[in-house]
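What follows is a set of structures for review.
Each of the two complexes below includes chain A, the first together with chain B, the second together with chain C.
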Partner chain A sequence: MKVSEIVEKLDLKVYSGRKGLDREISGGYVSDLLSDVMGNAQEGEVWITLQVHQNVMAIASLKDLAAVILVNNLEPHENTVRHSDDENIPVLGTSLSTFEISGKLYQLLNQ
Partner chain B sequence: MKSFRTDLHIHTVLSPCGDLEMSPLRIVLLAKERGLDIIGITDHNSTRQCKVVWELGQKAGLTVIPGCEATTREEVHCLTLFPDFDALNEFQDFLDMHLTIIPNEASLFGYQVVVDEDENILEEFHNYLGASLDISVEEVEQKVHELSGIFIPAHIDRPRNSLFSQLGFFPPELKVDALQISKLAEEIAVRQKYWIKPDITLVKFSDAHYPEDLGKTYTIFEMEEPSFAEIRRALKGEAGRKVIIPQ
Partner chain C sequence: MKLFFSIQGGDFTRAGHPSSEVKKVLKQLDIDGKTIKNIVIALYEAEVNVVAHAWRGTVSVEIDENKIIIVVEDEGPGIPDIEQAMQAGFSTASKKVREMGFGAGMGLPNMKKNTDELIIESEVGKGTKVKMINCF
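Moving on, here comes the complex of A and B:
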């Protein structure tokens, strides 16, 4: 499944990194500790978090993640947006909580 | 140059997790008794106990640096220290503006009180001081430096609430005066693990929450006199000044 499909099906907002919307998704990872994501996220995963700091994008790039979803209507920091556009990794947003969006994404990816 | 035993990370009764025994009087007496020369008062997201400790320190011949341990929106703990009470009070206004409002449940989190020099309770704070501020680590750092303060990310080797646990690696635009390692950490191992550049100064402080933690963990500051300006110069390693973490 491509990032653009989850944007449509989960009604996500696209903040940045539009050129990466055709990235292929391999799975999902949920964490707010960036050190944990560095160690445990896998290539192609969608990362669900409430952290909006620019380091999020450096780690998304390092791990070659498909996209980042910010929960609870949180908006990315301006540097995060810039890095997202530079790296072509989309930063997406939802009004849902981590629990709710994770459940929906899990269901969608495992249909 | 003279050597000063320095511990700039100490909590008082004001911190919800600080022991009620950590009154200004007790802290100053124990610091003197156990050979500390300079202490920093760094409660969670509040500077309101600093003045009383500073006044008692003046009487006892102990240098007290006022500040706090700020929690950024990423939940990174950072020591912030200030040269005078004008700067400190301005930073307190900044904290009041940015602290997330969560009512403190004293039975769960602990009491948050300011006491006077005779240990009488002057005021109790009802918003939980362990909550985070709504601003980034860079925004806190910029405010501290605008007020000519010192900014030191706390216990960077810990698996939670540290710069590295929360943000994975050193944020490229952050300007630190030093990094604090926790009491059991070894300087060389921490430098290797987190790829800390040699030009960044490391210090070790106690993060004391209980009387028994006071005095065991400190960094030696080699400098001219026990003042804020000299602390800043020692952290920079200026003109023969330096800091040494005891082995």
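Moving on, here comes the complex of A and C:
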């Protein structure tokens, strides 16, 4: 499934990195601890988090993640947006909580 | 091949730059993907440690056909008890650093797990030198 499909099906907001919307998704990872994501997330996963600063993008890029979803209507910092556009890794947003969006994404990816 | 970078303590905006450059070079050298992933994880964690704890530091990278040697050296507070610092979950990070999602006590264990050899030397009040070796 492509990032653009989850944007449509989960009604996600696209903050940045639009050029990366055709990235293919391999799965998801949920964590707000950066070292946990660094150590355990896998290439192509969508990362669900409440962290909004630009180190999120450094990690997403180093780990070749497909996209980042910010929960609870949180918005990315300006330099997070810039980094996301440079790396073509979309930063997406939802009004839902981590629990709710994770459940929906899990269901969608395992249909 | 040799690469060199400097790191400024406290400057999280640049954290990940050396890792990103090293990743590019290793890809160009056609190094196995799993090995690149391991090296990038270990180097990123080492960078973040310098940014979060030290005043300034340097990253020296030496790549030959069989291995990569990365030395991350800083001027900083040093580590009083390296064995304790290696324990998963042990952290001395500030509140600010923890709020960013760093400082969960996973950095050094991540470095150990993702390198073939990890050597840490530290002097309290002076700084820390971390040497990481990964074989291709």
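Note that the second predicted complex is superposed on the first by the 111 of 111 C-alpha atoms of A that agree within 3 Å, B and C clash if a C-alpha of one lies under 4 Å from a C-alpha of the other, contacts with A are read in each partner's own complex, and residues count from 1 in each chain.
Quick note on the criterion: a residue touches a chain if its C-beta (ideal position, glycine included) is under 8 Å from a C-beta of that chain, and two chains touch if they have at least 3 such contacts.
For clarity, every value in this text was computed on a predicted model and none was experimentally measured.
Colleague: Quick check on the chain A-based superposition: chain B and chain C, clash or fit?
Modeller: On the shared chain A, the partners clash.
Colleague: Could you look at A:His77 and tell me whether it touches chain B, chain C, both or neither (first, second, both, neither)?
Modeller: After superposing on A, A:His77 lies in contact with chain B but is clear of chain C.
Colleague: Taking the superposition as given, does A:Leu33 touch the first partner, chain B, the second, chain C, both, or neither?
Modeller: both
Colleague: When the two structures are overlaid on chain A, which partner does A:Gln111 contact: first (chain B), second (chain C), both, or neither?
Modeller: neither
Colleague: Regarding the shared-chain residue A:His53, is it in contact with chain B (first), chain C (second), both, or neither?
Modeller: Both partners, chain B and chain C.
Colleague: Which partner, chain B or chain C, is in contact with more residues of chain A?
Modeller: Looking at chain A, the partner in contact with more of its residues is C.
Colleague: Scan A:Ser61 for contacts with chain B and chain C and give back first, second, both or neither.
Modeller: The second partner, chain C, only.
Colleague: Looking at 7-15, 25-33 or 61-69, which bit of chain C clashes with chain B?
Modeller: 7-15
Colleague: Identify the residues of chain A that lie in both the chain B contact region and the chain C contact region.
Modeller: Shared contact residues on chain A: 33-35, 38, 51, 53-55, 58-59, 79.
Colleague: Can you check the complex and tell me which residues of chain B touch chain A?
Modeller: Answer in residue numbers: 73-74, 136-137, 159-160, 164-169, 171-173.
Colleague: Under the stated contact criterion, what part of chain C meets chain A in this complex?
Modeller: For chain C paired with chain A, touching residues are 12-13, 15-16, 19-20, 23, 37, 40-41, 44-45, 48, 100-102, 104, 106-107, 110, 113-114.
Colleague: Using the touch definition up top, name the residues of chain A that touch chain C in the complex.
Modeller: 32-36, 38-39, 43, 49, 51, 53-55, 58-59, 61-63, 79
Colleague: Taking the complex as given, what residues does chain A use to touch chain B?
Modeller: Spelled out, the residues of chain A in touch with chain B are 33-35, 37-38, 51-55, 58-59, 77, 79.
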